[in-house]
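Paired with chain B in one complex and with chain C in the other, chain A is shared by the two complexes that follow.
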Partner chain A sequence: MASRTVAKDIITLRGSAAIVSEFFGYAANSILYNRGVYPEESFAKVKKYGLPMLLTQDEGVKSFIANLTAQLSEWLEAGQLQRVVLVIMSKATNEVLERWNFSIETDSEVVEKGVSKEKSDKEIMREIQAIMRQIASSITYLPCLDEPCVFDVLAYTDKDVAVPFTWIESDPKLIANPQMVKLHSFDTKIHKVDTLVSYKNDEWDEQ
Partner chain B sequence: MDAGSRYNTSSRRPFSDHKLQRISSRENLDRFIPNRSAMDFDFAQYMLMGGKVEKENQAPCSPSREAYRKQLAEIFNMNRTRILAFKNKPPPSVHTTCQNSLSPLHQSKPNNKRRRYIPQSSERTLDAPDLQDDFYLNLLDWGSNNIFAIALGNSVYLWDYTNSSTSEIVATDDDNGPVTSIKWAPDGRHLAIGLNNSHVQMWDSSANRKLRTLKDVHGSRVGSLDWNSQILTTGGMDSMIINNDVRIRSHVVGSYRGHSGEVCGLKWSASGQQLASGGNDNLLHIWDSSRASTNSATEWLHRLVDHTAAVKALSWCPFQCNVLASGGGAGDRCIKFWNTVTGACLNSVNTGSQVCCLLWNRHERELLSSHGFDHNQLTLWKYPSMVKITELVGHTSRVLFMAQSPDGCTVASAAADETLRLWNVFGTPELAKTAPKTKTEPFVNFARIR
Partner chain C sequence: MECRAENAEKESELLKEQLKELKKQLNEYLHQKSEAEKKSLSFTPQEATSSEASILVKNLQEELRNYESEVREARKLKSSHENIELLKEKLLEEKGRRERAESELLKLPEIQLSKEKLEDELSSWKLMIKDIPGVSCSDDIPVKFASLQKEVIESMMKVGEANARLKQIEVALDAAELGKQNAETEAALTKEKSEVSKSEVKRIELMLSLVTEERDQLRNVVNELKKQKNAEAGDEMAKGTLVQELESSLVKKDCCIKELESSLSEQKEINNRQHNELKLLNERLNNEARRIKSLERESDRLRSEISLLESKLGHGDFSTANTKVLRMVNTLAVDNEAKQTIEALRTELQKTKEKLEAVEELKRQSADAGKSVDSYISGKIVQYKEQIATLEKREERYKTVFADRISVFRRACCELFGYKIVMDEHQRSNGIPVTRFTLQSIYAQSDDEKLEFEYESGNTNIVANDYTLQPEISHQVEIFIRKLNSIPAFTANLTVESFNRRTIS
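For the complex of A and B:
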């Protein structure tokens, strides 16, 4: 976040995009760890947002997430990103089991006119910390993923975005009749990120 | 508790579990059931009809209709966002793919992996009188026939793990000195025995009969042996490594020269392409099997000089075919990991005690090491993080030798306190039902993909 240098409380579009895309990187890692998509031992602990966060050491996953956050920050700077969804699917059947939905509202004035806003770094970090805590505690109510899973990330962008070379259009991978839990949100005054997790209804409850 | 029969029943499991799987996951049924709520019928209708409606209505197009059409287009099309995903999907977890190969079992017991209970005490303790307290020897091996062989003084004893019966092969007398190394052939029937007088004997364990003696192989005692299908590789105190084809009369078919001290560790990789050798000269060599010849054989693939004491403990990683773990003696105390293709040292961990032996868990990414002074423990490490999972204590002197059961679950350790202990450290046989009985690599598919 190189651009937040002048004064602590001034935030530029660039800085905001960096914060948000970095947040996605850590959030994705945290979800993959907490939901057991990859084995525990493939993660290493680092300190971030005042919390111990886990980062994958698997080279394939690492580069996937690095490519993702790089592309996301580009779109965030252009104000073209509306939503990012991390989908967890059954490896065997490809059935979507969980959708981690991060909706993004961008202040269009900032994108168009290039003004900067005021919000302290500390405050943003505190908001992100709250989301991270919620992600970590989500295992208490989310149904147990007792089969091998894979994940994918969907980016909802404006219609006029040129599809980058490495991306393809995808279906929304919705869950039929899902349960939803809304988590905290954070706001950089430029990008507002709302977090919501939807998951497959546990069939056992209905029977 | 008969481990052998337990192993057999578990290998039959796939049939019974197949049914179970179908019942538990209805999504697996092969009938296609469209999911209406996930489809967007309004949009589909618009996309299908849109063009046609436009053409028909061109002439009598009223402004209100036009406005309606525009609005419709906006709602359904313009406002729709683009949903993008990477073309390259993230790699599925290798761990879960392993689980997948065990899937019938793991779907019924999903949490068994995480909660594997590791008994802290040995399952059995056996006496091993007259076991040589010599770091440079290799006196314990567990064959694919589930019989382990231990050399005690001048004799070799066989202990059948399935029925606990023992038998003795008298190998030599005091003149020819004690047995200095033993190794089962991959067929689990033939046993190679290296002696202090530089001879190597071949025994047929089922007939309890000596088949042949290889003489004039080395100039002094033979402390290490390993098989590569029909080739018996011997390492001697004379710092030579010799390849012997045991089927032919002039059995010496190749040699590797490069050590300047006693060769105490010898291990062929599972593919049989590479040989790792460790010596009392603190060197670790990686040799290419195709480059061995009787004429010029000083050419090693890699000469690794990082250890600062004798390298006896060697173990090839069963799930990454080019990774070797090596452990150094009392002056070094390090476990090091090597990429044997490039010769790069991947990791080094100081264990604080001499490393006598190393074994990989074939079912989990774990490594077991045995140590000497001052706890004489076995340490189980998580790989690659090298976090200690547990330490098993019980031996009262350095744990010189270890061997792994053919199902990969039980480990036998022999220590200078003249006891042999069996540990259930690598999981229970039920869990490890796909454990191969032969020497084939369990994860060979993955190694190829990478």
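For the complex of A and C:
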């Protein structure tokens, strides 16, 4: 959980990184559940952000997401993370079907000088809650994933970042001529996260 | 395969029967042998005396050897029987393999379908590649991507510049708007001033008209007074002063009028100047408004450009100059597949173990299986040798038949066309093989009367020799072969000539 300083509305770089990386963990779980990448029965309900959230019980996926959030937290604290993308691909063809794009803007002053910012915890939670609601409701407009799918996580980092052991350099796995839907964003005053989902255009074949 | 198997089964049945018979025979022979041995033993004491007995023994021994060889054969048969069992097992395995292959074959259309789909996709990609300007093959795409990325970076830079320009323009716009407002207030002020001036002019004009009226009245009065003066000559002196006064006042009034007129013209000048100023300001105002419009247009354009680039960024494009993309190694799907594969391999291993045990069991049962295989192979060799011998015989027969037929054909040719034809192969000095035909007329008067032709890839040419060099013949060669290009005409003519010569002689 996010560590806080004594005053409740003061937020530090470390605290912000913790909030954002935790958000990614829950967002990834929610996407995997709502998009049916893993079976419904492999998820369990918990309460978070004032919402019932679903967390995977599959040991493999669980440890994958735990490792992911740990690494993201590290990069967020160093201000080296520009973007995180959860890519959903066809298992059979490896074609990219959806890209869940989380762009991150980091306040460089905070990273360089270590100053803290002021924003209420409640306000941040409210903003995250809005995004989570939007992720859950995305099934209403996203095309149906009617084939077995797999997922990948991409991180857009600064050029000088050393590649960790469990990561490799990759292509951005873009979708040609995608449809894009911008979701809400949230801001800890240190990290601003913009959410956008782009997906394969169904009409592409007809064009 | 199945046919072979059935044959093998039949063969095995036959062999089994033979085996049984041979066993029976063997038993009989063994029985006879033991009896013969007994006999021989009983005959032994008389051996020295009886030569018949020794012959008998020899015969018996020979018979014994025969039996032994038959026993060996029987053993061979037995081993071949075992071999058949092995083959049966192999057959079963082959059947299984065939079934597997058939099931794979069923999948073939699906695979072909997917292959076609992939080919279609590939062709569409190729078409797309063709559509991309400056890309002729797939190798160009990375280059194109690199150039596009460069373009994106450049356009980002341009956006930055455009943003800066936009800001500048916005600042200029603000300043212009401020100027416009100032100009407007100034214009309003000037308008007010001009209104004031106009009203003043009007006032002055009114004053002027009043003064003019007064002057006219005074003139009338003066005229009246002058009339009166004429009438009242006596009063002239007293009234003269009054007139002078009045005239002086008139002059004064005139001066006043002139002054007013000059001030009026001045006011008019001022008014004109202000009008001009107003026009100038209006013009400036219009110019500013136009500039504002163009700036607004440019800002709209830049905004659309920015939104386009933002959408590109949202899509996932990035600048390689300061960003790199990392992927977390995801082995979840692979792990799952690996688990399944391990499971499948385990079951297969189990099956293989079972099979191995069965094979070992079989091995124990037939320790000399290897030998039986050898005998099987040698049996096959014998079979093939027999086949070869048959084929060789057939070939010989064909050769004989061919020789017969060809001699008939040659004789017929000779009878029909009047020439004996001998065909042989020659090699030229340069090593190229050539077929030579030597023709001798049946009406030839000497052995030297021979015509030689060389046949090479469809062309027949006459070869010069002593006979054809004779003037008469060479003349005919010249006419029929060289000029008329007809060897049959030449040979026919020669035949007729030879025939005539023969009959005449």
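Brief remarks follow.
Everything below uses one rule, namely that the second predicted complex is superposed on the first by the 199 of 207 C-alpha atoms of A that agree within 3 Å, B and C clash if a C-alpha of one lies under 4 Å from a C-alpha of the other, contacts with A are read in each partner's own complex, and residues count from 1 in each chain.
Please note the rule applied: contacts are C-beta pairs under 8 Å (C-beta built on N, C-alpha and C of every residue); 3 or more make two chains touch, one makes a residue touch a chain.
Given the structure is predicted, the values throughout are model-derived calculations rather than measurements.
After superposition on chain A, the partners chain B and chain C collide with one another.
In the superposed model, A:154 lies in contact with both chain B and chain C.
Of the two partner chains placed by the overlay, only chain C lies in contact with A:198; chain B stays clear of it. In the superposition on chain A, A:163 contacts both chain B and chain C. Of the two partner chains placed by superposition, only chain C is touched by A:99; chain B is not. Touch criterion met: A:44 reaches chain B, while chain C stays clear of it.
Once chain A of one complex is fitted onto chain A of the other, the partner contacts of A:122 are absent, as it touches neither chain B nor chain C.
In the overlay built on chain A, none of the stretches 187-195, 313-321 or 457-465 of chain C clash with chain B except 313-321. Chain A residues 60-61, 64, 67-68, 82-83, 91, 150-159, 161, 163-164, 166-172, 174-175 lie at the interface with chain B in one structure and with chain C in the other. By the touch rule above, chain A contacts chain C in their complex via residues 60-61, 64, 67-68, 71, 82-83, 85, 91, 99, 101, 103, 150-159, 161, 163-164, 166-175, 178, 180, 182, 196, 198.
Partner chain B is touched in their complex by these residues of chain A: 37-42, 44, 57-58, 60-61, 64-65, 67-68, 82-83, 90-93, 95, 144, 146-159, 161, 163-164, 166-172, 174-177. Residues 25, 27-28, 35, 37-38, 78, 80-93, 95-97, 99-100, 103, 107, 110-111, 114, 365, 382-385, 387 of chain B are the ones that touch chain A when the two sit in their complex. Looking at the complex, you find that chain C touches chain A at residues 311, 313-318, 321-330, 332-333, 335-336.
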